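A quick write-up on the structure given underneath.
A, B, C and D label the chains in the order they appear, each numbered from 1.
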Amino acid sequence: MTLTNYMNRKELLGFLILAAVIFIVLPLALDTFRLNLFGKYLTYAFVAIGLALCWGAGGILSLGQGIFFGLGGYCMAMFLKLEASTPENTAIQSTPGIPDFMDWNQLTALPIWWQPFHSLAFTMLAVVMVPVVFAFIIGFAMFTRRVGGVYFAIITQAFAAILTILIIGQQGYTGGVNGITDLRTLLGWDIRTDEAKNILYFVNGALLFVVLLIAQFVRKSKLGRLLIAMRDQEDRVRFSGYNVANFKIFIFCLGAAFAGVGGAMFTLQVGFMSPTLVGIVPSIEMVIFCAVGGRLSILGAVYGALLVNLAKTTFSEGFPELWLLGLGGLFIAVVMAFPNGLAGLWSEKVEPLLNRLISKTQSAEAANPNKAPAE
Amino acid sequence: MPERFILSVEDLTVSFDGFKAVDHLSFYVEPNECRVIIGPNGAGKTTVLDLICGRTKATGGTVKFKGMNLLDMREDQIVHAGVGRKFQTPSVYEDLSVFENLELSYPKGHGVFGAIFFNQDQVVQDRIQEIAETIFLADQLDEKAAYLSHGQKQWLEIGMLLIQDPELLMLDEPVAGMSVAERKKTAELLNRIIQDRSVIVIEHDMGFVADIATRVTVLHRGEMLSEGSMDHVQNDPKVVEVYLGH
Amino acid sequence: MSDKGKSTDSLGMSRRAMLAGSAALTASLFTPKGLKAADYPTSEVNTTGLAVTDDTVTVGILHSITGTMAISETGSVQAEKLAIEQINAQGGILGRKIEYVQEDGASDWPTFAEKAKKLLVNDKVASVMGCWTSASRKAVLPVFEQYNGFLYYPTFYEGLEESPNVIYTGQEATQQIIAGLDWVNKEKGAKSFYLLGSDYIWPRTSNKIARKHIENFMEGCKVVGEEYYPLGHTQFNSVINKIRLKKPDVIYAIVVGGSNVAFYKQLTAAGIDPAAEKPLVLTISVTEDEIRGIGGENIAGSYACMKYFQSLENENNLEFVKSFKEMWGDDIVIGDVTQAAYLGPWLWKAAVEKAGSFDVDKVREAQVGIELPTAPEGYVKVHENHHLWSKTRVGKALADGQYEVVFETADLVEPDPFPEGYQ
Amino acid sequence: MFADYSMAELGAIFAMQGFAGLILFSVFVLMALGLAIIFGQMGVINMAHGEFMILGAYVTYIVSNIFAAYLPSLFGIYFFIAMFLAFIASGALGLFIEWAMIRHLYKRPLDTLLATWGLSLILQQIYRSVFGAREVGVSIPDWMMGSLPLTDLIEIPINGIFVMVLAVSISLAVYIMMFRSTWGRQVRAINQNRVMAGAVGINTEWTDRLTFGIGCGVAGVAGSAFTMIGSTGPTAGQLYIVDTFLVVVFGGAASLLGTIASAFSISQAQSIMEFFLSGSMAKVITLLVVVGILMIRPQGLFALKLRK
C-alpha cells in the first residue's frame, strides 16, 4: 500500500496550492491585523472540515458544531484566564487570584473543576477530549437508536441552545454572557503582541494542515468509503456486517475534536471566548461555510470558511445593512444552484474548461509541426 | 451442540399496530438445503427475512441459528454469525466502484479502527477478483456501481454476499426485473453458489423455483399454508385455492 | 469601504433643519472659541500617528446596526452623529472637522473586537464612540488597552470596571439603583421587594447591589424573591403568579429586550396594573425607547430610575430634543442611553481642547475633571474614575410613552464602580 | 414556601398557575401547528417559520395603524380583520416561497433547512429596512387587555383566554381540513404515497404548494395573536424557533395529535418548573428532559409503527 492511495497527484496539487495560499500569499499580502483576521477565519475551517466528513461524506448534519467549537475554546480560555488572574493582577478583588467574573459573583474560591486547567498539558488534552466526550454521549444516544437526518439536526440544535442558556445562566463559573475575556499570556508569552499574532497564525495554519491530513487519510481509508456507502445505503452496510452506529459516532467525535481544536485556536488568536460562538446561529453559519466550499471537499471547506468570512467582513464594512441579504442569498444560492459548492463548481465547470484549453493548445501545437516539439 | 437444523424458526410473530404480518410461524432449515418461500403478495415473505436478519423486531417467538438466538442480536452481529441477506431491490453503493463495493463487503476490518487501517493486501485483491469473475463483472471493477444495468447490480449484490461467505444466504427475488438472458445466467450463478451453504429464497417464478428448491414453504397472510417438496405443494388443494381461488 | 461621513449625513436629514438646530445650540453649548487649525499644527496635536489632517480628524462609531442589539443601539448612533454634526457646525475641534468611520458590531462580541481593532489599527481613529452591552465592551476592552485607543461608552452598566482607555458616560450600577430604592422606601413606604431580571451580568450585578442595599442599608426591608429568565424569554405568567403569591410592595424589574415587551404586556393582562402601585413596578431597564415597543398603555404607572428622561424641562434638553427631532424625525424618542451617547463627542471635544492635542495620553489626562454644563441632563463632570458625576431621577411612565419626572437627587451622585459593602 | 398562606389563597394561586400553563400550551400549539403541517405532512424543515409569524405580527401592526387613523370607531374589532389578513399575507408568501424554492428541494430535506435559514435572514433584513430595527408597539383594543376577575383572588388574563380560544379554533379548523376535506385527503394520500397519489389524478404540485401556504398562513395568525403577549421586531421570530421545532419533533412528526400532546406536556412541565425553580434553570431542565426523552424515543410521543 503506497501513499498514492491516500492522495493522488491532483489532490496533492490542491494541498500544495492551499499551503502556498496560507503560508506564503496571505502573510506576504496582509498586515498583521488582516492576517490575524484570516487566522480567525481559519479557525472556522477546522469546524468546516469536520462537517465535510460528517455531513458531506457521512450524511450526518449537525447543527450543533458550535457546541464543540465553544467547548474547545472555553477549555483554552479557562487556562489562559487562570494564568491572567495572578494575585498581583487581581489585587483589587475581594478574593485575589481568582478570575474577575468569579469575584463579581461572590465566589471566594476557584471551583474544583477549574483546578486542572492550571496545567497546559491537561488543557490541551481537554481541548480535544471534552468535545469528543460530549459528542460521544450525544452520538451514542442518537445513533444507536438510529436517529438521523432531520431529527439529528434539530436535536443537536437544541443542545446548542441548552448549552448557551447554561453558560449564560452560570455566570459565576463561566463568565456568563460576556464570556471569558481579557486573556493575556500563554506560559508567560504575551499573546496580544503583533509578533505573537503572527506566530499564532502560522501555528494555526500548521494545525489546520494536520487536521486536513487526518481528514484526507480518513476519507481515503476504507472508513471513508464506508461513510459514503452508509449515506446511500445504510441498511446494506449493516447487512454487510458493520455496526453503523459506531462509525457514525466515530466520525461525529472526529468532527467534534477538529472543532475543539479550532475553538482553542480561536481563543488564542482573538483573545476571548463567549457564548455567542456556541449557539444556534454560529452553528448554522459553520454549516454554510462547509456548504459554500462544497460539502464533499475538505479543501473546499477551508476555502468556504475563508471566503464567506471575508465576504462578511467586507460587506459588513461597506454595506452593513445589506449584509444579511447577501448572506441569506448565499445560503439559498448555494443550496439551490450549487449544491456542491465551490468545489463542485471547480470540478464541473472550471476543470473541464481548463482541460479543454489545454487540449486545444496541445492540438494546436500538434497541428503546427513547425513549432518546437512538445517534448 | 450438534443440531439437525441450521435454522429453527419457532412461533415467530410480529404485529404492526394490531395487524399480524407474521403469525406464529414455525419452520426449520437443514444444512445445505435450499428453501424457497412462495406466497401471494402481502403474505409476509419479506417480513420473515427481515425478522431473521434483525431488520424488523419480532413481537414473539424465537429464531435460532446454529444455537444462537438471532432475535437478541444486532444486524451486524447476525451477519458475523453467518447470515447474509440480499434485498428485493438491488441495494449497492452507487457512488462507489464495483471494486469498492466488494471491498466493503470483505469480512475483515469491520470495527471502526479496523476500517481506518484496513489494508488492501494481495489476499483481498485476489478474492475480489475471484468474486468479480464469478458474478460476471471482472471487466467492470473500476466502474461506478451507478452505471451498471439492473441485472448487473443484482449480481453485484449477490457478489457482495458471496465475499462474506455466509452459511445461510437469504435472497429476496433475485431474478425480478431481469431480462431472459440475465435470468438464465443468474440461475446458473445461483445454482453454483448454493451448493455448499443453506439458502432461503423468495421467488415468484415457478420454473425457477422448481429448478433450485429442495423444499418449498407457502405463506399466506402471515401463516404457513403448506410445506414440502415442489410437487407436494403444487398439488396441495389449499395452495391451489389461495393462488386460483379468487 | 466604510461608511465615511463628513458633515452631511445620507439618512434623510434636512440640511437646513440641521443648521438651524446647530445655530440654536451654539448659543447654549460651548461658546465657540474660534479655534483655527493653523494655530494647532498637525505635527504638534498629533504625535502618535492618529488620523488627523490639517482640517479633519477621524473618529469611529462602533455599534450594532444589525442583529438583536440593533434595536437598542440605533438611538446611540443617532445621538453620536447629531453631536458630531453640531460640533462641526461650530467649527469642529481645534479647527478640524470631525469625520467618522462607522462599523457594525452586528450584535456579535467577536465582531466588536474585530471592528474595534480595525478602527484603531487601520483607520487610526482618534477616539471611538461605541458599544452598548457589557459583553461588547468587555470584548473590545483589551483591544483598546493594547492599542491605546479611547472609548466613550454610553450605557448604564454594572460597574466593576475602571479602564484608563474608557470614559463611561452612562451611570454605573450604584448611581442608578440606590437613590431609586431609597425613594420608593421613603415616599411609597415600600418594604418588600421582588427582584427580577434577564439572565446576564448587568441585571444580576444590579440586583446584587439592590439586595445588599435593601438588606443592609434600608431598615425593615427585605427581598422576597429573586429570579432570572433567559434573554429572549417571552412567557412570564408563572413568575407573575409567584409574585402574586409573595405580595411584594415593589417589583424591581431589570428585564431587557424583547422579553421586556412580553413581561409588561403579560403583567397588565394578568391584572397587575402598574398604575395601581400594588405592587409598584420599579425598573432600571426601560427607557422611552423600550416603551415604544412595549406600548405606553401597558406600562403606564411604572417607575423608572434613570439619569435622563426626554421630558426634562431644562433649556439644554429642550434644545437637544428639538435638534434631535429635526435631524431624525418627529416621531423619534430619546432614552437615557441616547443622551449619554450624545455626551461622548462633546466630552471628547472639551478634553481635546483642554489638552490642545489629540494624543490619547494627553486627552486622558485632560478628561478628568472636565465639566459639561450644557449636557441635556444638566451639569455633569468627569470623575477621576472615568465615570460621570450625575443626578439620579425617578420618572413615572405615562400612557403616551414619556416619563414624568417625580424625583431627582438634590446633588450629583458620585460614581462608585467598586462600591464598598456591596460586593 | 406555602406555610404563610391560607388555603383559599393557595387554591387561587394554583388555579391561576394552571391557567398560566394552559396559556403557554396554547402559545405552543399556535407556534407549532403551522410547522407541524409543513414538517409532518411534507417533511420540509422551515427554519423561516418564526419570520412567517413575525410577518403576521407586522400585518397586525399595519392594520392597527390604519384603523387608528381612518376607522377609529371600529378599532375594537380590527384584530379579527388583522388576523385574517395575516393569514393571507403569510400564506401568500408561503405559496410564493414554495414555488420559488421549496419545490426544487423536496428530495433534499436537509437542504430545505439551509435554504429556509437563508430565507429567514433575508426576511429579517427586509423587516428591518421596512419597519426599522426597533420593536414596534402594536396597540391592542382595550377589551382585549386586562383581566377577568373570577373571584376576589383569581384573575384570568383576557388575552390568555383569547389565545386559548384561538388555539382551539385553529386546531379544530386544521383538523377538519386534514380529515374532512378533499385537500386533507389529498395531502394525506401524498404523504403516504406520492407516486400513487399523482397516478390517481391528484395534482401533487398544487397540493404541496397549498399545504405549505396554509402552514405559513397559520404561522401568520399565530404571529398576529402574539402581538398581545410578546414583542414585534425584526428578530423576534428567532425567539420561537427552537421551542417550536422541539414541540413538533417531540410530538412525533407525522401526527397533529402528537403535536398537541407534546405542546401540552412541554408547556405543563415548563410552567410547573418555572413556578418552583428559577426561570433559566426551568428552561434548561425542560429542554434537557425533552431532548433526553427524544434520545430514548426518537420517533416522538406519537408515531405509527410502519412496515419497512
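Criterion: a residue touches a chain if its C-beta (ideal position, glycine included) is under 8 Å from a C-beta of that chain, and two chains touch if they have at least 3 such contacts.
Here is each chain with its UniProt name: A = Urea ABC transporter permease subunit UrtC; B = Urea ABC transporter ATP-binding protein UrtD; C = Urea ABC transporter substrate-binding protein; D = Urea ABC transporter permease subunit UrtB.
Just so it is clear, the structure is predicted and the values come from calculations on it, not from any experiment.
With A-B and C-D as the two chain pairs, more C-beta contacts join C-D. With centres computed from Cα atoms alone, the innermost chain of the structure is A. Ranked by separation of Cα centres from chain A, the top chain is B.
For this pair, chain A with chain B, the centres built from the Cα atoms lie 44 Å apart. Centre-to-centre separation of chain B and chain D, using mean CA positions: 48 Å. For the pair chain B and chain C, the distance between mean C-alpha positions equals 75 Å. Between chain C and chain D, the centres computed from C-alpha atoms are 36 Å apart. The residues of chain D that reach two or more other chains are 125, 128, 280, 283, listed in rising order. Across the assembly, chain A contributes 165, 168-169, 321, 323-324 as residues in contact with two or more other chains. In chain C, the positions touching at least two other chains are 65-66, 199, 228, 230.
Interface of chain A with chain C (complex): residues 31, 33, 36-37, 40, 92, 94, 100-101, 103-106, 165, 168-169, 171, 176-179, 181-184, 192, 270-272, 274, 276-277, 313, 316-318, 320-321, 323-324. In the complex of the two chains, the chain C residues touching chain A come out as 1-3, 65-66, 102-104, 106, 108-111, 113-114, 117-118, 121-122, 133-135, 138-139, 141-143, 146, 158, 160, 199-201, 204-205, 208, 228, 230-231, 418, 423.
Contact residues of chain A toward chain B in the complex are 1, 5, 217-218, 221-223, 225-226, 228-229, 232-233, 235-244, 246-247, 250.
Of all residues in chain B, those touching chain A in their complex are 53, 55, 74-76, 79-80, 84-85, 87, 91-96, 100-101, 103-105, 107, 109-112, 115-121, 157, 160, 164. Interface residues of chain A facing chain D in the complex, by the touch rule stated above, are 55, 61, 63, 141-142, 145-147, 149-151, 153-155, 157-159, 161-162, 165-166, 168-169, 280, 284, 287-288, 291, 321-325, 327-332, 334-336, 339.
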